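Let me give you the structure first, and then I'll get to my questions.
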Amino acid sequence: MNGKETAIVFIEFQNDFCKEGGALYGGVKDQIQAQGTVKNAQDCIQKARGKCLTLLVPITFEQSYADMGCEGVLGPIHANVVNTKAFQKGTWGGAIIDELKPTPSDIVVEGKRTLDAFNSANLDFILRVNCIKNVAFCGFLTNVCVEGTARSAYDKGFKVFLLKDCCAAISAEEQKYVEEKFFPYMGEVLTHGEFLARLE
Amino acid sequence: MNGKETAIVFIEFQNDFCKEGGALYGGVKDQIQAQGTVKNAQDCIQKARGKCLTLLVPITFEQSYADMGCEGVLGPIHANVVNTKAFQKGTWGGAIIDELKPTPSDIVVEGKRTLDAFNSANLDFILRVNCIKNVAFCGFLTNVCVEGTARSAYDKGFKVFLLKDCCAAISAEEQKYVEEKFFPYMGEVLTHGEFLARLE
Amino acid sequence: MNGKETAIVFIEFQNDFCKEGGALYGGVKDQIQAQGTVKNAQDCIQKARGKCLTLLVPITFEQSYADMGCEGVLGPIHANVVNTKAFQKGTWGGAIIDELKPTPSDIVVEGKRTLDAFNSANLDFILRVNCIKNVAFCGFLTNVCVEGTARSAYDKGFKVFLLKDCCAAISAEEQKYVEEKFFPYMGEVLTHGEFLARLE
Amino acid sequence: MNGKETAIVFIEFQNDFCKEGGALYGGVKDQIQAQGTVKNAQDCIQKARGKCLTLLVPITFEQSYADMGCEGVLGPIHANVVNTKAFQKGTWGGAIIDELKPTPSDIVVEGKRTLDAFNSANLDFILRVNCIKNVAFCGFLTNVCVEGTARSAYDKGFKVFLLKDCCAAISAEEQKYVEEKFFPYMGEVLTHGEFLARLE
């Protein structure tokens, strides 16, 4: 696989998901620990830099959540973000974790407000003008934003990969469903080590 | 729920999915029978016409599959369509089934080539210029095109509903996963009878 | 220019624009005649078939215009389509003209309801899965749908070309503005003969 | 016009366009002065805050322009941005001008890398979840990013307005073309005073 045509997308590695005290950490903590998600993702980005495109895709909202729109427009997942005060711009919770802190080698993809990053962030633009053909996905939650963004990437003609040891869902059951049932319809499921070994 | 702000979207009710001899019928036959998918969807569209917007969303390809693009660009699901000669324009297999044959009350949404209808068909345009706020989903496969299209609808600020007795997946396990695990993150899961009873 | 990475897009070569008795012919007739638009476009598509991708992009609406949405949502150009009964599916006016009648070499891009084809038709999907890098534009109106679709193609990283002798606007002034003022910001303006001569 | 359903979009009010020493100021300086663009836009945003949604849409790039993609993918306008070192993140030139400095009343729309903001920024999401129906446009250049973004807004079913005294093009001729020839196809052209007087 040609590294110049390949990107790894790190979705929502923010304190609110990954760290004790984060607004949504409680729900995903067990699976992060079981999977070694943060340690693996850190290893992945460090080894990938310079070999392929590395993209960080945080989700953020205004502190007032004015960008969440009129009351009742957005559904349960977004309501939960407001209720838990998650992902606010300019706060510790909304910041990317130190382990994956962006360097000048990375591009921070802007604008994510939705589950599927293609529906709000400038991910499609960044991928296509960079002549990318292969896209590997990491992050949170495996069956929500990660799978959702990979679905659109598939539809847009990218070859898609799930780096299974760099993700986490709320439960082992949901993680397993994506790995074994759904993702194989679209692409390959492998560890970050297996993926990086294929890069030229 | 205001019927003028509501649409029901019928995804891929085509002979290739629904009828003996259809290219992909073998895979979904058991679940169609277990769920009563076709009979329920027919009942749903007949009762819904005139009360809310009814949209039929077939997926079709040129007989040459020229619109499938360069070799190897699209992934496993699209390759399977080519291998089984499914969804060709102007063939029996690609046609909408008689039970849901479009009437002048319905709109046929054009252009679907992808899993998520929003990634190719003119669904977003039709919904937004019709001032729609609520969208219910039926069709095939529950966890692939139906869930995928509902995910984007959620992201675009529509209230989303899964009409569980008007869908089918390859297995009961996948159907159950969508009904119980995933869809509740985004919206409501109910029968077509329950949904229609709410329309004003 | 590699023909395998090149597409020519023919926008709205329908009787309603191109032929005596067409709903919108009166407005564009003088410029069609001055430019030789139809004759040039016919020559272009005949010579291009087999050398590059040839895409026909008609705009159509339900005969009821139900796909035009709630009253007053769409603006003046769409209101004019309704008032003149233009572009109805299944009518002579909405049909592609005989001179550019699609052959199995061409792909008919489905779904156009908007000025910029990318906002409703499946053009982006067709172009990207066909590995296209260069896109040339023909059709009606030079400064409305043609320019509008070329603008989005530019934004998506395609190299864009205007085949100036295969277009028409309402006035020579508007045609000239696009050729001399606006299009050079994005790409090249040339005749179809000059463009085809570059194809390998 | 209901202020709760209305947004004013301020495109690229950044030092690189608006201020002596800005990378692109030379080209647009005369028209900014002739039109009073900055003074009018400042007056507009100050009076509009609290009455309708006010959105600032800057265009920015990584200092390395890594988000500009592979060499030669993007066309002349983007090449000019690189050549003049315009719109770099974290620089004076890329910053929004003091006169329109965002307050907590405004939303800064993220992600713009393209001419039409809808092709990269999260503008569509922000507008639709905020239940917006009317969108007025200001900024630079009148016939490039302003017109291009208004075109997509029209296609998405928004009512569109050009605040003619809050824009600037490279030449009076181009400004006049948009005001008199093109924009009336889509919506209304008026001063910011006239527009604000209609808000309820």
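As written, the chain order gives the labels A, B, C and D, with residue 1 at the start of each chain.
Keep this in mind: a residue touches a chain if its C-beta (ideal position, glycine included) is under 8 Å from a C-beta of that chain, and two chains touch if they have at least 3 such contacts.
Everything quoted here is computed from the prediction, not taken from an experiment.
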Proportion of interface numbers common to chain A and chain D (over half same, under half different): same
Longest centre-to-centre distance from chain C, chain (CA-based): A
Centre distance in Å when chain A and chain C are each reduced to the mean of their C-alpha atoms: 38
Averaged-CA centre spacing for the pair chain C and chain B, given as whole angstrom: 30
Whole-Å separation of chain centres (CA-atom averages), chain C against chain D: 28
Multi-chain contact residues (two or more partners), chain C: 69, 73-74, 114, 119-120, 125, 128-129, 155-157
Residues of chain A defined as touching chain D within the complex: 62, 64, 66-70, 73-74, 104, 107, 109-114, 119-122, 125-126, 128-131
Partner chain D, residues of chain B touching it in the complex: 125, 128-129, 155-157
Residues on chain B engaged by chain A in the complex (per definition of touch): 69, 73-77, 114-116, 119-120, 143-144, 148, 151-152, 154-157, 159-160, 173-174, 177, 181-182, 184-187
